[in-house]
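Alright, structures below, take your time with them.
In what comes next, subunit A is part of two complexes: it sits with subunit B in the first one and with subunit C in the second one.
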Partner chain A sequence: MSYHFGRGREKLIPYLLLLPGIFFYLLISVGPSLATTVYSFTDATGIRGAPIHWIGLDNYKEFLLMGQASRDNYGALGRTLIFSFFVTTIQFALGLIAALAVNQRLKGSNLFRTLYFMPVILGAVIQGLIWSLFLYPMGGPMAKILSLFGARSEFLGGQPVEAFAWVIIVQIWANMGMTMVIFISGLQTIPAELYEAARIDGANARQVFANVTWPLLTPSVNTNLLLNIIGSLQAWQLFLVLLGYRNGTQVLGYVIYAQGFGQTSGSVTSAFRQGYAAAASVVLFLLVLVIGMTVQTFLRRREERILGS
Partner chain B sequence: MKNRIFMLVSLLIIASVLLAACSGTEAPAGQAGTTQAPAAGEKVTLRVLVHQNPPMVDFMTAFNEKFQTNHPNITVDMSIVNANDLSTVSQTRLTAKDVDVVDMFGFANAAQPYMKKVDPPNWQTLIEAGYLMDLTGQPFLANYAPNALQDAGTYNGKVYEVNLGRVIYSGIYYNKKLFTENNVKVPTTWSELVAACETFKKANIPCMTAGGKDGWPIFVGAYGLLGAIYPDQAGLVEGLWTGTIKWNDAKSLEMWQKMQIYARDMMEPGASGVAGDAAPGRFASGAVAMFPGGSWYASAIEAAQPDFEWGYIPFPGSDNPEDNKYLFGKYDQGWVIAANTPNKEAALLYLTEFSAKENYQAFVNAVGFIPTQPDVTLDTKIGQEVAPYLSNFHVGYEQYWVAPKGAGQYANPWASYFKPFGTYDDPQALADKVQADLQSGLDAVK
Partner chain C sequence: MNTSLKSPLRLSKPVNWGRLGTYVVLLVFAVVYAGPLLMLVNTSLKTLPEFMKNATALATGLNFKNFVDAWNKANFPRYLTNSLIYTLSATLVYIITAVFVAFPISRRYVKGAGALLTLFVVALFLPPALIPQFQLMLRLGLYNNPVGYIMLFLVNPIGIVILVNFIKTIPKELDEAAALDGCGYFRFVTSVIFPLIQPAVATVAVLHAIGIWNELILPTIYLTNKNYYPITRGMIVFQGVYGSNWPTLAAAVLIMTFPMLVLFLFLQRYIISGLTQGSVKG
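Presenting the complex of A and B:
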């Protein structure tokens, strides 16, 4: 590969231009990540000036091997994977359907694009508030709908499985707009002539989708899948806002927050365990890394097979 | 060239790691006694941090105005945070030297000699890291009861917090009108409470409500059940740690059976969706017969419906009325001063004026705290309601409890584990699970 920045010292120009970005990336992202790894081997509380002791692998042993708490951590790990699977697949499918629908040149499609995307710009607190009101068990809209069928539910405050399912729904609602936008951008790069040619050849709508749209959406598919997987594996804010620290609902991201900031008790603030939370963060990072790399490898091969290298 | 670029990038990585690492170990610059007080008349902005509690915030706003009028050179900049965020924000602002006076909950959950491998509570870490000013010997401390200073604000023989009051959380508010209309006697035993709820349910009146959305109010509401069976809460914690008390023994099983009735039959459907600060309004609306909750809710009930007639009784968890005369609670809010404050004189002046009898009296009346100044009485309605039981005040279990590392998530006496809030509908199965989760931790730290 060659570039056009001349010869000799001028070759340095692109590297110099990259330096500020690299510096801030290292300072804001890589540095704290490495520091988190270092902290995971300590009993740090997060209080500056408090003594920090090197405790080796104790945090990891506690997180992975110590008593029922470690088995509860595996439960959180399992829920993280379940959450990620349902969020990724459903959000992906709904985002694609919505993109195909609003990408038509129909009256009002811009309005629907805005409506579908709107939840993305709301923060987790606002999203949580909206759904808490919607699912208010004493006369909220959903309770009224259920009452028409003679049923009732505690929704977010009831059975952990049901509460967990509602968080999946809210997560999808909150982020589906972003998936849709990425798909729309992919759809708009597909040349109109290809659709025209396919129709002239007699292809029906299903065949056009399977043989034109879907293959040429591959870059958007890859981007969406990776973003959805990584985003859902790291999710925790909606769990905090909608459920708080409730047995049978925690995912790994929320366990990290709760341990790091003393929110594990429910009624009193317990000690901040940021060394332990750092160890849990490293475990989550490894989980995201393994799943992310595996999926990325699969997607790259698929892309090469469909679009060529 | 490639080598030089590699060297540069490597240096940047090392520098960023060192920066991050150093930021975590920097000691606080100022210590108690080393700060310089501002000269008299110098303009000072006193940064005060309090947690969200509407009556307290209203009082503090009025107090700050009065304080500023008395001291024109001092401006009070008061920040308000959610109670759940107070600990995090306090820590962040103390370490950033961005606050002078902080509202901190009474010192609790200290490690006891029989507890193994537990982490010290945050207040202890903050003191040991030098962030809280040693207030020992300050003249305004003489206004407070020595036992309150000792129990809730002293560490290693030095006073770091002035505790401003106790709260009770093992009582039930009851709707006098509904009780009269339905010919229900105010219950003094568990059986009477069960019968009262049945009467109300037959009349299509929900028996109890609570702020279930916040989780802990369901547990706190049932505190009387725990207290009636284990009045010595410090002894309960020691017994659980040492194995002399088990959550699945016969005595505890009685508590779980009653907790199931409380969660399943007494609490109104939908209580899990009521936010903690909305529950007093729900009760004050007159729709519900009872509201198990803390004494701090009284002012919110009165604010919601000033003419609403209510009473407050200890939760009758036992069929022996004598067992139900205890009230359980905790030391609530207190003041600490940042050790590294540049406004030491103003901060001490602030606490001195706050501690003056007339101000403190107005404070407890506003927030409903049981005073920690011996010459002050709680003149409000809740004060009158709890007065007969105050000699039987006990600090509650969760102020002593520290879970052993490795204990499972069910190792607590919480009524919210039962349906419809949780997954359990068999008291014996839950009792066994809670004990197993606790035992797992106790075995792990042996």
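Presenting the complex of A and C:
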């Protein structure tokens, strides 16, 4: 591409002006990302001026192989996978249903879309507090609904498994709008003529969905699946707001944070095990990478089969 | 999707089960989404004894005392001001630097433009930078420092990708013509390109601002001085102290929600288009 704004040294101006943006990006994001691996081989603490030693694979050995701590880590690993599985599948299904309903363009559709999407912009703190109130165990709305069926729950204060399940529900509530919006934008790219043709051929609603909507929705299906899988494997903020660091509920992202920066209460100044946390970050990254790549490969094959390469 | 395709031969209109079913689905979702929000509003208008007696009963009147209490007890003016300063300054600096990154990449005015763009796309898959980032800020003496905190938000790869794609839709002949008229590079980007890419800039700015406003983890890690807390961190502290006083807490949550809600209702179009664009491209 030829550059029109002067010659010689003036050609350097774009580079000069580009520099600040790139500099911050490398300094704050890319550099630290890559350095995570390096730190995972050290005993870094996070205390200013404390010496850092190279300790090889010790952090990984401790994380994966040593006693009760590693058993807890495998527990967190398992919960991360369970969390991701339920969040991804349920959010995907509900997002699709909501998108199909909103996209019918009935009266009030936009209002409904706005409502469903709203939690996405409210952020984890508000999402979490709203649900803490809704799940108020002593006569809150959900407690009353359950009592109609003769059931009761301690909700977030109950058994770890129960509390964990509620976090899954809140996570889906909070992010379903995002999935829906991506599906809606996909639905809007499907040409109306195709629906018309299917109708003329006498296809019923189910056939239209199976033969027109679903295959042509493939790009949004892929986007949503990948985003949801990667997002839910790394998500843990709602655990912090809703439960705090509670045994039997932690996911890997929260373990990393707690090991690296201590507990949530802020005033904690105990030794932060940042090298160990970095090793846990690498484990999480590998998990995301392996699952992400596998799903991506599967989705690409499926797309080629449906839409042609 | 096919309500507009009415058959001309059909004379009487039977009950449209498809439409009815759709409304049922829409309403079920609406209850699940509006319910928790209404509970919040309702609780914020009640007194504590009222709430203790019956958590779900409707508020008997418009009791705004909770809002006054929350405002005074929670140090909210300070937290809100901090959040506003962090959000506005980081978004402003980010947008300026981002436009100067996106424009030459989109136009290929710099060598390695393609590689640079890839660098921004790859960011989505990189491991979390939390630990080394902390070590870096500590060493730079920017721990527990508002300037350091703002620095953390001068990065947003998806924003760059959105801007690059939008700039591609602006004809290159414009560059040539402006250059012939003696317009310099800096002035061209600031006074010609910038106004033309306003829609994309608005999208990116709003998305970035929402992210900063809602951020909870970074202020927890980097800010220990209460005077520097943004509203999210302040909210968690407030919850710790007034956690059992739900009416006041609910009022506090609403105070915190209000700015985002207004922003969202006015700029909904930009937010949604930006999110879908960014996610599909990324």
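Keep in mind that, in the parts below, the second predicted complex is superposed on the first by the 267 of 309 C-alpha atoms of A that agree within 3 Å, B and C clash if a C-alpha of one lies under 4 Å from a C-alpha of the other, contacts with A are read in each partner's own complex, and residues count from 1 in each chain.
Note that a contact is a pair of C-beta atoms (placed from the backbone, for glycine too) under 8 Å apart; a residue touches a chain by one contact, two chains touch by 3 or more.
Predicted, not measured: the structure shown is a model, and the values here were computed from it.
Once chain A of one complex is fitted onto chain A of the other, the partner contacts of A:Ala99 are absent, as it touches neither subunit B nor subunit C. Of the two partner chains placed by superposition, subunit B and subunit C are both touched by A:Met138. In the superposition on chain A, A:Ile121 contacts subunit C only, with no contact to subunit B.
In the superposed pair of complexes, A:Val87 makes contact with neither subunit B nor subunit C.
One of subunit B and subunit C touches more residues of subunit A, and that partner is C. Of the two partner chains placed around the shared chain by superposition, subunit C is the only one that A:Pro14 touches, whereas subunit B remains out of contact.
By the touch criterion defined above, A:Gly46 reaches both subunit B and subunit C. In the superposed model, A:Gly244 lies in contact with subunit B only, and not with subunit C. Contacts of A:Ala174 after superposition on the shared chain: neither subunit B nor subunit C is touched. After overlaying the two complexes on the shared chain, residue contacts for A:Thr223 are found with subunit C alone; subunit B is out of touch.
Residues 15, 22, 27, 30-32, 34-35, 38-39, 44, 46, 48, 136, 138-140, 261, 265-267 of subunit A touch subunit B in one complex and subunit C in the other. Remark: subunit C residues 1-3, 5, 18-19, 22-23, 25-26, 29-30, 32-37, 39-40, 43, 54-56, 97-98, 100-101, 103-105, 107-110, 116, 119-120, 123-136, 138-139, 143, 151-152, 154-155, 157, 160, 172, 175-176, 178-180, 183-186, 188-189, 210, 213-217, 220-221, 224, 232, 235-237, 239-240, 246, 249-250, 253, 256-257, 260-261, 263-265, 268, 271-272, 275-276, 279-280 touch subunit A in the complex.
Put simply, subunit A touches subunit B in their complex at residues 11-12, 15, 19, 22-23, 26-27, 30-32, 34-35, 38-39, 43-52, 62, 66-72, 132, 135-140, 143, 152, 154-160, 244-248, 261-263, 265-273.
Within the complex formed with subunit A, the subunit B residues making contact are 1, 5, 8-9, 12-13, 15-17, 19-21, 23-28, 84, 86-88, 91, 95, 105, 108-109, 119-122, 125-126, 128-131, 212-216, 219-220, 268-274, 398-399, 402-403, 405-412, 414, 417, 419-423, 436-437, 440-441, 443-444.
Considering their complex, residues 1, 3-6, 10, 13-15, 17-18, 20-22, 24-25, 27-39, 44, 46, 48, 94, 97-98, 101-106, 108-109, 112, 114-126, 129-131, 133-134, 136, 138-141, 144, 173, 178, 181-182, 185, 187, 192, 195-196, 199, 205, 219-220, 223, 227, 230, 234, 237, 240-241, 253, 256-257, 260-261, 264-267, 274, 277-278, 281-282, 284-285, 288-289, 292 of subunit A touch subunit C.
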